[in-house]
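Supplied in structure tokens, the structure appears directly below.
As written, the chains take the letters A, B and C, and residue 1 is the first residue of each chain.
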Amino acid sequence: MGLGYLTTIGTLVCIYAILAISLNIISGYAGQASLGHAAFFGIGAYASALLTLKLGIGFWVAAPLAMMAAGAIGAVVGVISLRIKGDFLAVTTIGINFVIVTVFEYSDFFGGAYGIMGIQYPTLFGVKISKGYYLLMCLGFVGLCALFSLLVSKSWLGLALEAIRENEAAAEASGINCAKFKIIAFAFGCAWAGLAGVLFAHFMRFITPNDFAFPISITIVAMMVVGGIGTLRGPILGALLMAALPELLRPLANYRLLFYGGLIVLMTRFQPQGLFGDKAFILRMLLGRGPRSMRHSGD
Amino acid sequence: MMKGIGTKELIVVWIAAVMVAGIGGPSSPAAAQPIKIGLMAPLTGPAAADGLSAKQSCEMLVEQVNAAGGINGRKIELIVYDDQFDSKQAVTVAQKMIEGDKVVAGVSGSYSFTTRAAAQVFQEEKIPFSVGYALHPAITEGGKYVFRVTVLGHVQGRAGGYAAGNLLKVKTVSMLIQDNDFGQSLASGFREQAEGLGVKVLSADKFKMGEKEFSPVLTKIKQLNPDLIYNTAYPIDGALILKQAADLGIKTQQMGSEGLDSTKGFLDVAGKAAEGIIITTNLDRDSKAEITRKYLDEYQKKYGFAPDMTGASTYDALLMVIDAIKKVGTDADKIVDAFRAMKGWQGVTGQIQAFTPQGEVIKNVELQVVRSNVFRHFGVVSDLKLLTP
Amino acid sequence: MVQQFLNGIITGSLYALIAVGLTMVYGILRILHIAHAAVFVGGAYIGLVAYTFTGSLVLALIAAAAGCSVLGYLIQRYLYTPMLTEERIVPLIASVGLFILCEDLFRLLGGPYIRAFKVDLWFEKIAFLEAVVTAHQVLILITTAVCLLVVYAVISKTKLGLAWQATAQDMDTARAMGVNIRQVVTFNFIIASSIAAIAGVMTAINYNSVLPTMGSVISYKMFAIVVLGGMGSIPGTVVASLIIGMSETFMSAYFGFIMPRDAIAFTAMILILIVRPQGLFGRAR
């Protein structure tokens, strides 16, 4: 096993982990279905690529700007979620994913179908970051994102979001401004997806609209669900498992995709709360007793 | 529980193990170690058909070379990895074959964006990478270790425009452009050349890969009544364009690109609607070259159906690597120099005139016409001015 | 104009055939049934095999419908029903996994290459009012009409259909009133999967092709139609299918493909939902 091979997989796992954690803020904490998270992943990637290439801005300035761009458009989706709810919202976010990818694909400004080439690795104090350090940097960002997610869930914001998830009407009645909190959840979640996009663009150095299409959104949702929705460890471990799975299944050659699909079916069928969720058999085995809630809520 | 296995048996097993290790292990001479060459192709996922064509062609070639004694006594081992039509997996796979398997060269039997992503890795690791049929213009921008054995989309498009204006002498054309890099680079070359020859483009409509319903656009084109309809579709989409045009009673001459160069995907689906269409490609079915004849016959014999452009191009990409290694050994820089010096090299998909400094090939574009549901020779575009990128 | 109108109707009819089953599943179980597209592709393959062996289109349709009914029943019984109490996103992901599994299974069984599905009918095409319709398209129109009428008749006239309506309204109340929910759900999947199978065969004949990935666009795009129709409303879905079929056709005919067909469908859906968040025929929930 080469080091570069493992570094590549590791970096991709980190990027997916940020995506899954950030989606969990929207879907796990606030309970809003989103099947278009890859669109915000793409917005971050394209924003950072264009800012660094066309305007010559450095990575460290472009990254927060790209996050803001993704967060701002995420907030717009938050506004839409005030009007369109439940499964209607879920399918609407699929639509948003398609529309945004189409914008990338059909406008020359975004490179069209050829994508954007020549994106550079970031530099730190004038020195180009090597692949190994890039992985460390991505790991650092996963840590930051996890910390942010933890703070959200422990704070009054987390309590408000949970109230919205459990019963929106009741939350509204008890004086919670649901509209505000929903928009905040979407904005924060999408901003972090934007950061994942930044990391992806500068790692791959070549992006096409295809990299942010709807199937990627589904992959992110699957990571969150397979890991355990609503927890923090769930999305992280789910991303680790699902992003490494295509490589782990490589010895199966021709049957790789078959097993990949089959494993998703089995995991959701027999561990619907997630492999690392509160009721997961893995946790029960590790802890040696019945399910113990590790949820953020004060139960 | 250890009762069943006694000391005696353990000794026997141990001796057997040592013997097996002794036969297969370090005692074999280093010279007989196989030469490893990597192949990446989309074997699962949406482009699995092209991936299989590429893989089968390469496996056939390796069998042939190994049966003939390999390269200077050393066998070739083909390391095949699936990129699943995903640029992330392409990068991972490229790393894996370079570091894990220590391949001396890589071959792409995959699409544009996966190949573009992998090319970067090969360039960085300084391993030669030979590209079969991916047409993205920036693939060879990576650097000197990346080569492409098929002509650029823009060049092939120019050849199509030349054929339209000079050979078919059409005055007006309607274009159906697939909206990816493949379709658009072909279309831009076609348009540039055709308009230069005074052909008027009446309409240019984009469509997405996998589009099935062309009737609305064809109905519009029917009213425009052009002399030629040019499309840059892949097999099934192109077959449906022809079929639906025929259904609407459109009798206009049709032209396509190497995207349609597929027997199973295109000819079988289009059926008699394909009659008379002209395509620009690199595989001449009526070629007199022995290597091409041999490839066409043996592929048909081995796999039971006629091969397509993707298979033939990837075959050539691998064959070039093998020929270079035969000449100069397995050193990466020497292979790259050997590539550059390959003037007049004859492959299944025609003769290579030269490589540009960028690593793009200069070679003829074949024109094939469909007669009685088979591709036949129609002409060849060999004007160097058109063919140099 | 007449030709474009016909093109739109035919596209819309094929959409309706697929989407009606999806909306029925949603109406009862509230599951976004992505794997419906796998049932659709399965229908096309079973139909192709049956047609190759028997040479009869009717037998091919029956075989496809029967085979897919079994497939649909298995999906419902062993995958969806045990998951009904979970978070709504869980069965969706299970369904995605199943779709990936089935698509790859079809590739392994049928090979990755496209297979032609050529069926000759009594005539090839008819021309009227400057427009041309092929025999295959006429067949699609007739089949869609028959299928939709059968669904309508069964649901509004039979006892099982009434039970279906009650369950779609409110499953708990229906159960309390003595409706056999299990029977209704089974019946629901059999009807939905049979129609999907017929749609698969019709699509395959119309485009003379069967391939493992022919369901990938279908898998998500049909949701635009189902949502537009109001999620669970059968007449709404039919109307939405025709609206989407027509708007795609006229957009591409008069403006060219300024954006991909799928983006047109989803843009139409988003615009209509912003005005009517419960869809065209949906009840506000």
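We take it that a contact is a pair of C-beta atoms (placed from the backbone, for glycine too) under 8 Å apart; a residue touches a chain by one contact, two chains touch by 3 or more.
These numbers were taken from a predicted model, which means no experiment stands behind them.
**Student:** Could you find the two chains linked by the most C-beta contact pairs?
**Tutor:** So the chains sharing the most C-beta contacts are A-C.
**Student:** Going by the average position of its CA atoms, which chain sits the greatest distance from chain A?
**Tutor:** B
**Student:** Please work out the Cα centroid separation of chain B and chain C, and write it as a whole number of Å.
**Tutor:** One centre to the other, that is 36 Å.
**Student:** Need the CA-centroid distance for the pair chain A / chain C, whole Å please.
**Tutor:** 31
**Student:** What parts of chain C, by residue number, touch at least two of the other chains?
**Tutor:** 104, 258, 260, 262, in rising order.
**Student:** Scan chain B for residues touching two or more other chains and write them down.
**Tutor:** Answer for chain B, listing residues that touch two or more other chains: 44, 179, 206.
**Student:** Please output the residue numbers of chain A that touch at least 2 other chains, ranges allowed.
**Tutor:** In chain A, residues 105-106, 254, 257 touch at least two other chains, as defined above.
**Student:** Could you please specify the touching residues of chain A with respect to chain B in the complex?
**Tutor:** Those in contact with chain B are residues 1-5, 8-9, 12, 105-106, 112-115, 117, 204-206, 208, 210-211, 246-247, 250, 253-254, 256-257.
**Student:** Quick one: in the complex, what on chain C touches chain A?
**Tutor:** 26, 30, 32, 79, 82-83, 86-94, 96-105, 108, 220, 223-224, 226-227, 231, 258-260, 262-263, 266-267, 269-270, 273-274, 277-279, 285
**Student:** Which chain C residues qualify as touching chain B in the complex?
**Tutor:** Against chain B, the touching part of chain C is residues 3-4, 7-8, 11, 104, 107, 111-116, 118, 125, 127, 132, 134, 207-209, 211-213, 216-217, 248-250, 252-254, 256-258, 260-262.
**Student:** Give the list of chain B residues in touch with chain A in this complex.
**Tutor:** 43-45, 81-82, 84, 87-89, 91-92, 95-96, 98-100, 113, 116-117, 120, 125, 136-138, 141, 179-181, 183-184, 206
**Student:** Could you list, by residue number, the parts of chain A that touch chain C in their complex?
**Tutor:** 27, 33, 80, 83-88, 90-92, 94-96, 98-99, 102, 105-106, 214, 218, 221-222, 225-226, 229, 254-255, 257-258, 260-265, 267-269, 272-273
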